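The following pair of complexes shares a single chain, subunit A, combined with subunit B in the former and subunit C in the latter.
Up next, the complex of A and B:
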């Protein structure tokens, strides 16, 4: 491998990392507020991308309207999941709620498989015009740049939101102590709903932005979530900036290592290593979070 | 009834049940016998899943991959090393046990939902890295595995191969039952409820957790190996990643704390695709490929419903109801003075129903 490949591979890795970061945002938003790890996150993004494809490609609607409709649908889906299947479990073990999201993973993936075909390839809608920007040794498409920009802006915006806005602070309060938050007059149900809507919208944005890059089938987008989990876990499932940084590092390490070693599944192996490291490192944020709630 | 007569009655009941199970293929057509074989393969594998999910309280999202590993190992050893199928199965089970010890290592530090993510990542590594290895899977086409032979027995017939699978299932059932009812089972229960608590009272957590994962993986590998012999082949399509989620889902729906749930779960997993194909109006509206997808769909819907309404699962819930019903009838016969009076608080049915309402897979 040539040393001059390292720079282009790093740039590719940063783009890949920004995809993971986008996925991690929604996972963190939902966990940070409701203490539920949403296994259906990738599936929500996947079905939103499919809906955009149905409207924008099959029914030849305006691409922007198709994407907005799909995002509205994901908000409704997230709201329904929380309102009808998570809220009735209030006060029960966190693991029960997580198992419910596994159920939704199955429901959404198999529904999309029945509707659109599980293994068939579909033409994704493209929000960003085609074209590339020349960087040293590598050309980056506008779509990749947009992904990177959206991921960066959303991370900053969400981190600010949790720190500075009333609703954001209320969300953190609910996460810390539900009953105290309720006594202080925070409408816990509404906060939980908001978190799920926000998280699902983030999943939809991720799915629609990534579908031109990752194959639009029912599995690829759903499975991409494992890399986002790795990044989110590194931030203890609560820290957005840490998750963003971890996603970038994961993307770059995967990309650069693929230049040294051609091994199928190397990316997954690295993700597994990151997940395990994030979980067992002494004083990891997640260990503390998990110890606190006894999950 | 005295205790010894009760014991005898139970022994007779078990013997009758085993004999009925052994004679079942005589009633089945060749096609149905194959289906019954598949049920036994999955029931065996799911027995392994109850060990970690039901008893240790750790949800695992990699069980189908462990089955696939067993199948591929057996096929690979027969093809590459030219050894006997049964020896290959034995080695695959040992390999499964070792893999279980390795993939169980993270569980020593991690539990609950975080461990579920780890098992999902391990499943991905199996799918993307381990299964594509040419030595193991023989490339994209997968491995063909010839049906094994035993001198004097025609294992080529599914009716006869069924008996082999039944023996394997019963052995695994006996192992799981003895684990559950013995010392190890009590330790597992303690770990499930509070692992730091049990560690502080002197339970060697490391040993027992690894034992649970290793046994579970060995059982999955055994089921996968025998399943490869049944199907005649094993490919990466045999165990897609959704299978692991479906298996965990349907076992949880049935209730992973009961040793009978694997059988019911396996019956659902195997029979529902064929059943749905003939269920009007589905065949008119959907293709075969689409109908197969209804199995995870139904599993997902029932998983969500069961979690909301009866998290300990269907088999324990229905079992408790039935026991309540029969014991109430009995008390009506025995004590005429109290017709259908309030059940005593110490009734077995009650004991299952009340304190476990927050369990997933037996874990609070």
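Up next, the complex of A and C:
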């Protein structure tokens, strides 16, 4: 590989990493508060992007209104999932709740497949105008820059939210000890609902922003979340800054290594390696989280 | 930070062990399916007990061949009349045809099957709808020799395992008479071996290398293992020196790359940049950067439908617009997504792109029938091969007479000489040559639409040394 490719490939990797980071935010928010690993996260983003497509493209609605409507829908969906399928399982093993999210994954993808067809023949709405910015050795689209900016701003905003706001502190308290939180007067159900709404809204933002770049079908957006899971796992599923950093590193390693090794499945292999590393590394954030869960 | 305790370590080790076992299991599965794809005899795992001569009335399991005899291995003579051989000698087709199996044929109808990638990154639903639309058209006109066509199709979800299951289901459960119009890029190599073993007529498909050789297969798309050489002629004409060629990472990618390399070598290009492209990659910018850094002066690509969009988007972002050659990329909806980036690009099509030629009766019939039966379906060039497949099959069925058998239909299709289809140059199949698509249409994207670069088909002939000679033109129809 030419040495002068390292910098442009790094920039491309950062852009890719920002996509993963966006996906990781919602996963972390929900797990951090409710201790439920939401496998339906990508599917929620996917169906929100499809709804935006239905409103903005098929029904020719203003794209901004279409996007906001889709985000509102995702909030309602997140609330419904928590209120009607997760909350009744309070006190049950976390694994059961995870299985419920897998069920939602199947329901949502099946519904989207029936309604819009499980194909790539959809024109996603574009919130960001077309155009590029020249950086050393590479041009980046406005949409990529927007994704990077949104991912960075959301990470900082959410980290601040959890640290400084009353609701954020309440969410952390619920995550730490539900019983104690109740004794302190925190309305745990409401906090859990809020986490699901927030996580689902983040999924919708991710889906709508990324659908012009990733194919708008029932498959691509849903599976893109695998890379986000890898990043979120590295942050123990609870640390937003660590998940953000891991997403960036994952994107850059995938991009730069592709310049050395011409292996079609290389990106997937690297993500798998990150997941294994996050899982088995002694003293990792995830291991601590698991130990805490079992304590 | 707390040090991990014993429970943590045990948990970690168990997880590591689980991953190791999963990987090992995955390797075993992959190895198993690799064997399925490379050895027809290995496919024969069915447990049916009937069979024997494979004649009418016997619901023969594909696994038992004829009286339990395994299929011939490459290079050997067939040992069974109920199977086709997979002997390949250059581009020729060899082997005996199966005897008179008529399963799937009833008094009033004939069951025909297909496998399509509907869910997943590749959408073959337009191909499925094209096949169905042609059969519906024929049924509305009274069917073939008094029988209507009943079409059964399955989605392989771009997954070879599901493709194998669908193939077995069509044969063992649905007992179809023929496979027609199928399009399942990831499943076709292995499923083709299975269908070759069974011996039923198979018309259409993506023309992967495994679909050339068995006597029961009839391609309606240019041979991907060879067309690369013919396709390379056009970049050669443009005097390119360093083309970069990206081919989607599917099981036939290596053969296609070899063909492209061979074709480019014919015009002195001995060092092209050849890259396999992962269809799951969200961003193709890295490929573009690499090609540009290596001094590519032009780009060729044979990709999945969305891959074309990602490639053109990545080129456009980098403001790099070298001469670009695409294979089978004409698709109204996806082309519209990158209409500016496509400006000046060429596309090589093995079918006459119907939407460009509605002034001709064949394309007009295709477009009107699709609008009638499947108004929401995209008209895409990759779907047209299925329409042509259905047309070839129906003609073979018609010629086979009122009591069709596998043998009769296969031999009937082999009598087609300059058969006029709606969407291709006239097709000829013989007992030794089922590679009938040897003409391509060359398009160029101008002012937001595809236009004919040459007014006629460009056709080629294979030479005795495996090369190709391209003849300048042949009238459309």
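Note that in this section the second predicted complex is superposed on the first by the 293 of 295 C-alpha atoms of A that agree within 3 Å, B and C clash if a C-alpha of one lies under 4 Å from a C-alpha of the other, contacts with A are read in each partner's own complex, and residues count from 1 in each chain.
One rule holds in what follows: a contact is a pair of C-beta atoms (placed from the backbone, for glycine too) under 8 Å apart; a residue touches a chain by one contact, two chains touch by 3 or more.
Computed from a predicted model, the values in this text were never measured in an experiment.
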Simultaneous placement of subunit C and subunit B on subunit A, clash or fit: clash
Touched partner set for A:9, first subunit B, second subunit C, both or neither: second
Partner chain(s) touched by A:146 [first = subunit B, second = subunit C, both, neither]: neither
Partner chain(s) touched by A:113 [first = subunit B, second = subunit C, both, neither]: both
Subunit B versus subunit C as contact partner of A:169, first or second or both or neither: neither
First (subunit B), second (subunit C), both or neither touched by A:92: first
First, second, both or neither for A:63, with subunit B first and subunit C second: neither
Touching partner for A:229 - first (subunit B), second (subunit C), both, neither: first
Which of subunit B and subunit C A:103 touches, first, second, both or neither: first
Partner chain in contact with A:132 - subunit B first, subunit C second, else both or neither: second
Stretch of subunit C penetrating subunit B in the combined three-chain arrangement, among 75-83, 93-101, 183-191 or 273-281: 183-191
Set intersection of subunit A contacts, subunit C complex versus subunit B complex: 113, 117-118, 219, 223, 264-268, 276, 279-280, 287, 290
Subunit B residues touching subunit A - in the complex, by the definition given at the top: 59, 106, 109-114, 116-118, 120-122, 124-125, 127-130, 132, 241-242, 245-246, 248-249, 252, 286, 289-290, 293-297, 299-301, 303-304, 307-308, 311, 358-361, 363-364
Subunit A residues within the subunit B interface of the complex: 37, 39, 85, 88-89, 92-100, 102-111, 113-114, 117-118, 219, 223, 226, 229-230, 233, 263-269, 271-272, 275-276, 279-280, 286-287, 290, 295
Touching residues (chain side subunit A, partner subunit C) in the complex: 1-2, 4-5, 8-9, 12, 15-16, 19, 113, 117-121, 123, 132, 137-141, 210, 213-215, 217-220, 223-224, 255, 258-259, 262, 264-268, 276, 279-283, 287-288, 290-291, 294
Subunit C residues within the subunit A interface of the complex: 1-5, 7-9, 11-13, 15-16, 19, 118-123, 125, 249, 275-278, 280-283, 285-286, 289-290, 293-294, 305-306, 309, 313, 317-319, 333-334, 336-337, 378
